[in-house]
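Submitted below is the structure of interest, expressed as C-alpha cells.
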Amino acid sequence: MRTFPILLLTFMWLALTPSKPTRVVFFGDSITQAGVSPGGYITRIGDMLKKQNLANEYELIGAGIGGNKIYDLFLRMEDDVLAKQPTITFVYVGVNDVWHKRTYGTGTDPDKFVKFYDAVIKKLQGAGSKVILCTPAVIGEKTDYSNDQDGDLQQYSKLIRDLAAKHKLPLCDLRKAFLEYNLKNNPNNAEKGILTTDRVHLNDTGNQLVADEMYKLMVAAK
Amino acid sequence: MRTFPILLLTFMWLALTPSKPTRVVFFGDSITQAGVSPGGYITRIGDMLKKQNLANEYELIGAGIGGNKIYDLFLRMEDDVLAKQPTITFVYVGVNDVWHKRTYGTGTDPDKFVKFYDAVIKKLQGAGSKVILCTPAVIGEKTDYSNDQDGDLQQYSKLIRDLAAKHKLPLCDLRKAFLEYNLKNNPNNAEKGILTTDRVHLNDTGNQLVADEMYKLMVAAK
Amino acid sequence: MRTFPILLLTFMWLALTPSKPTRVVFFGDSITQAGVSPGGYITRIGDMLKKQNLANEYELIGAGIGGNKIYDLFLRMEDDVLAKQPTITFVYVGVNDVWHKRTYGTGTDPDKFVKFYDAVIKKLQGAGSKVILCTPAVIGEKTDYSNDQDGDLQQYSKLIRDLAAKHKLPLCDLRKAFLEYNLKNNPNNAEKGILTTDRVHLNDTGNQLVADEMYKLMVAAK
Amino acid sequence: MRTFPILLLTFMWLALTPSKPTRVVFFGDSITQAGVSPGGYITRIGDMLKKQNLANEYELIGAGIGGNKIYDLFLRMEDDVLAKQPTITFVYVGVNDVWHKRTYGTGTDPDKFVKFYDAVIKKLQGAGSKVILCTPAVIGEKTDYSNDQDGDLQQYSKLIRDLAAKHKLPLCDLRKAFLEYNLKNNPNNAEKGILTTDRVHLNDTGNQLVADEMYKLMVAAK
C-alpha cells in the first residue's frame, strides 16, 4: 500500500517537530516585577522547569509593574498580556488595592475591585487564555491578624476566592500559604523577615514558596 | 411634469414633520442624581427651555448616581448613556474622586482619573455623542483655598481643563464659576450655605447657577 | 468608766451612717455616651446592682463623648473625671483612634496612643482612682478577621493589654469577649446585628455583654 | 566715703562681665532637625549673627525631630525645651499634622491641633520663654493652590495665625513668605526645586529665606 509510508513519515515529522511551548504570563505588581530578577519567583519557576527537563515546554513572561492595582491591570492588559497570546495567565494583584488606602487614599473599593477583576478575567478568557487567580499574600507577617491592613487583605482575598469559584478557575491561595508558613516558622510574631524583606516584598524563602505554589498549578493547567 | 407636485409634497412633509429632539444626557454623581428633582439643575434647564419655547427640541435625561467616581461612569456608560444614543453628553464628575481619599481611602489617582476619563470621552464620541466636560465645583465654599480638599479639587479641575483642550471639547468650568460667585457673595468665608447646603450638594442658587452655565453650552453645542 | 458609752455610741453611729458609695466613672466615646441611656450598658450595671441590693453602694457616672480618641480623654480628664474624685475609672477607648484613620485621616499613631494612654493612667492613679482598662470591641462583627480595620483593632487591643500588664491593672477584654460571642452566635459571618446595630454601637445584647464583663471587674475592684 | 570706690568697682564689673546670651530654641520637625546641618536655617542664622558681631549674644539650639506633629512637641517639651530654659522659642510645626492625614491616616484634627498648640504656648510662657509662632510653609510649591494638601495647609496656617493673635505673639508667616517668593520665582508652577528639594524640605534658597524671616523676629524679640 502506498499510504503506509506517508503516514509513517507524518508520524515521524510530528514526533520530531518541537511543539509550540506553553506561554505563561505573570500579570501583577512590584512583587511580580521583581519575579524576573535573579532569585525572583518567575526565575525560580524557570529553574524548576530546567531540573524537570521541561524548560522547552514553557515560555515564562513577567508582566509586573510596581504600584499596580486592578485598575492598572485592566488598562494595560491589551498591550502587556493579550498581545502576547498567553496560554496561561496568572493574575496576582491586590496588595496595592489595599495598601494605597493608607498611603495615598487611593485604594480600590471592594465592589469595583470585583467588577474590574471580573472584566480582566473575561477579556483573558475571551482571548483564549487559561486564567489562574492568586490571593495577595501579606502586608506584614504577624500571625495574630494584627498587621494594620489584615482586615482588608482578608476581605479582598475572599473576593478573589469568590471570583475563582464563580468562574471555576484554579486558585493560588498565597495568603493562606503564607499564613500557614508563618504559623510554623514565625514564633516571635515578627512583621517581616520570614517570607518578606519589608512586610510586602519577597525574600528568597518567599520567592521559593510562591514559585512552589504556582508551579503545581501551572503544570496542572497545561 | 409629474415630478413637481411630488417634490412639493416632499418639502411640505419635511416642514411639517417634527424634527427629532436633541437628546441630552447628564452623566454624573449625586449632584446630578438630585438634578432631576424639583428645583434640581436639570429640572431648571427644562424650565428654561419651556420659557424659550424650546421644550420640544430637547429631551433631557439624568444619569447621576450618588458616590460615583470616574471608574463608575466607565463601568456603567454602556447601559446608562450609550444605550440612550445621546446627541450631547455632559460629563460632570470629580467630587468623589477627591472626597473618597479622605472618607474611604478610595479616591482616584490623578493618572488613572485621566486615563479612564479619556476612555469615557472616546467611547462617547465613538457612539456619536457630542461631549461637554464639567469641572467639580466645590467641597466647601471658603474662598481663601482653605477648604481641606481644595488642593486636590484644583488639581483635578486642571486635569479636566487639559482633557477639554486636548479633545477640543466645550468646558463647563463650574469650579471657576462657583469661586467667582463666592468671591462676590460670601464675604464671611462660610464653608456652606451660599451655593450648597452641605459644602457639596446644591441649594436653589447653586442649582440655578449650574443650570445657567450648562444651558449656554447646551444650546451652543446643538 | 466614762469612755465606754462614748465608744458604744461611736460604734453605733458608724454602723448606722451610710458608708460613702464607691464612685465609678466610665470614661470613653460614643459607646459610653449611649451607655447611660435606657438599655445602655451603664444603665444595665445599675439595674444589676439593684437586683443584688447593692445600689446604695455604688454611684455610676457616665463620661462618654462621641468621637473621642485617647487625645480627647487626655484633654478633658481634669474636668470630666478627676473633678469627680472617682474610686474606680473604666477607660474604654480605641475605636475612634482606629476608625478615624479611614474616615478623616486623623487616627492615632500607635506610639502616641501608648504615650497618652500612659499619661491618662498615671494621672488617674495620681488622683487616687483605681483604673480598669477595656479593649475596643469591634468595627464590624465578622469573625474571620476580614472587617476592614481588624488589623488595627488587634494591634491597639494588644497595646492596651500590654499597658494593663505593665501597670498591673485589671483588663476588661471586650474585644476577646465579643469575638468569642460571635464565634458561637454569628454563623453567617454577618458584619452587624449580633452585638451591634451598625458594626460599632451596641444593641441590647451587646450592652448586656459589656455590662456583664464590667460588673465582675467592678465588684472585684472595690 | 568708703562706699564710692565700691560702687565704682561694681559698675566696672557689670560693664566688663559678658552678659548671659539670649538662648533661642527652635522647636519643630524634620525641617528644623535639618536646620542645624551645614547650610541649614539655624546654621545660617548663626552665620548672620557672626557677621553682625552678635554671635556672643545668642545661643541657638535646634530641637527638631523628623515626623513630629503638635502631639509630639507636647509630649517632649519638658525634656527638649523647658529643661534648656530658653529666652525665646520658635515653634515651627504643622506640616506633618497635615501630611500624615494622607500618608498614614494619623494627621491631627483641627480642634486638637489648636488645643495642644495652646497648651504648648502656655507651658512655654509659664516657664518664662518668649514664644514665636511659625506657619508651615509648603507641601508642594505650586502657586495656584493645586498642591493636593493646600486646603489643609491654608486652614492650619490660619489656625496658627489666630493663635498668635489670641496670645499676642510674633508670627513668622513662612507660608505667606514662601507663596510670595514662588509667585515671583516659580513661573512654571513647579511643585519643587524653588525653595524645596522634595516639595517639603528646604534647599539652600529655602533655608536662607527661613533664616531671614526668623532673624528679624529673633532680634526684635530680644
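Order of writing sets the labels: A, B, C and D. Residues in every chain begin at 1.
Operating definition for what follows: contacts are C-beta pairs under 8 Å (C-beta built on N, C-alpha and C of every residue); 3 or more make two chains touch, one makes a residue touch a chain.
Per UniProt, the chains are A, B, C, D = G-D-S-L family lipolytic protein.
Predicted model only: the values in this text are computed from it and were never measured.
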Checklist entry - Where centres are the averaged C-alpha coordinates, which chain has the largest centre distance to chain C? => result B
Item to check | Rotational angle, Cα trace of chain B fitted to chain C, multiple of 5° | outcome: 180
Item to check | Distance from chain D to chain A - Cα centre to Cα centre, in angstrom | outcome: 51
Item to check | For chain A paired with chain C, centre-to-centre distance based on mean C-alpha positions, whole Å | outcome: 46
Checklist entry - In angstrom, rounded to a whole number, how far apart do the mean CA points of chain A and chain B lie? => result 41
Checklist entry - Can you list the residues of chain B that touch 2 or more other chains? => result 101-102, 104-105
Checklist entry - What residues of chain C sit close enough to touch chain B in their complex? => result 102-105
Next on the checklist: Can you tell me which positions in chain C touch chain A when the two form their complex?
Outcome noted: 101-102, 105, 140, 144-155, 158
Item to check | Parts of chain A lying in touch with chain B, wherever the complex brings them together | outcome: 71-72, 75, 100-102, 104-109, 112, 115-116
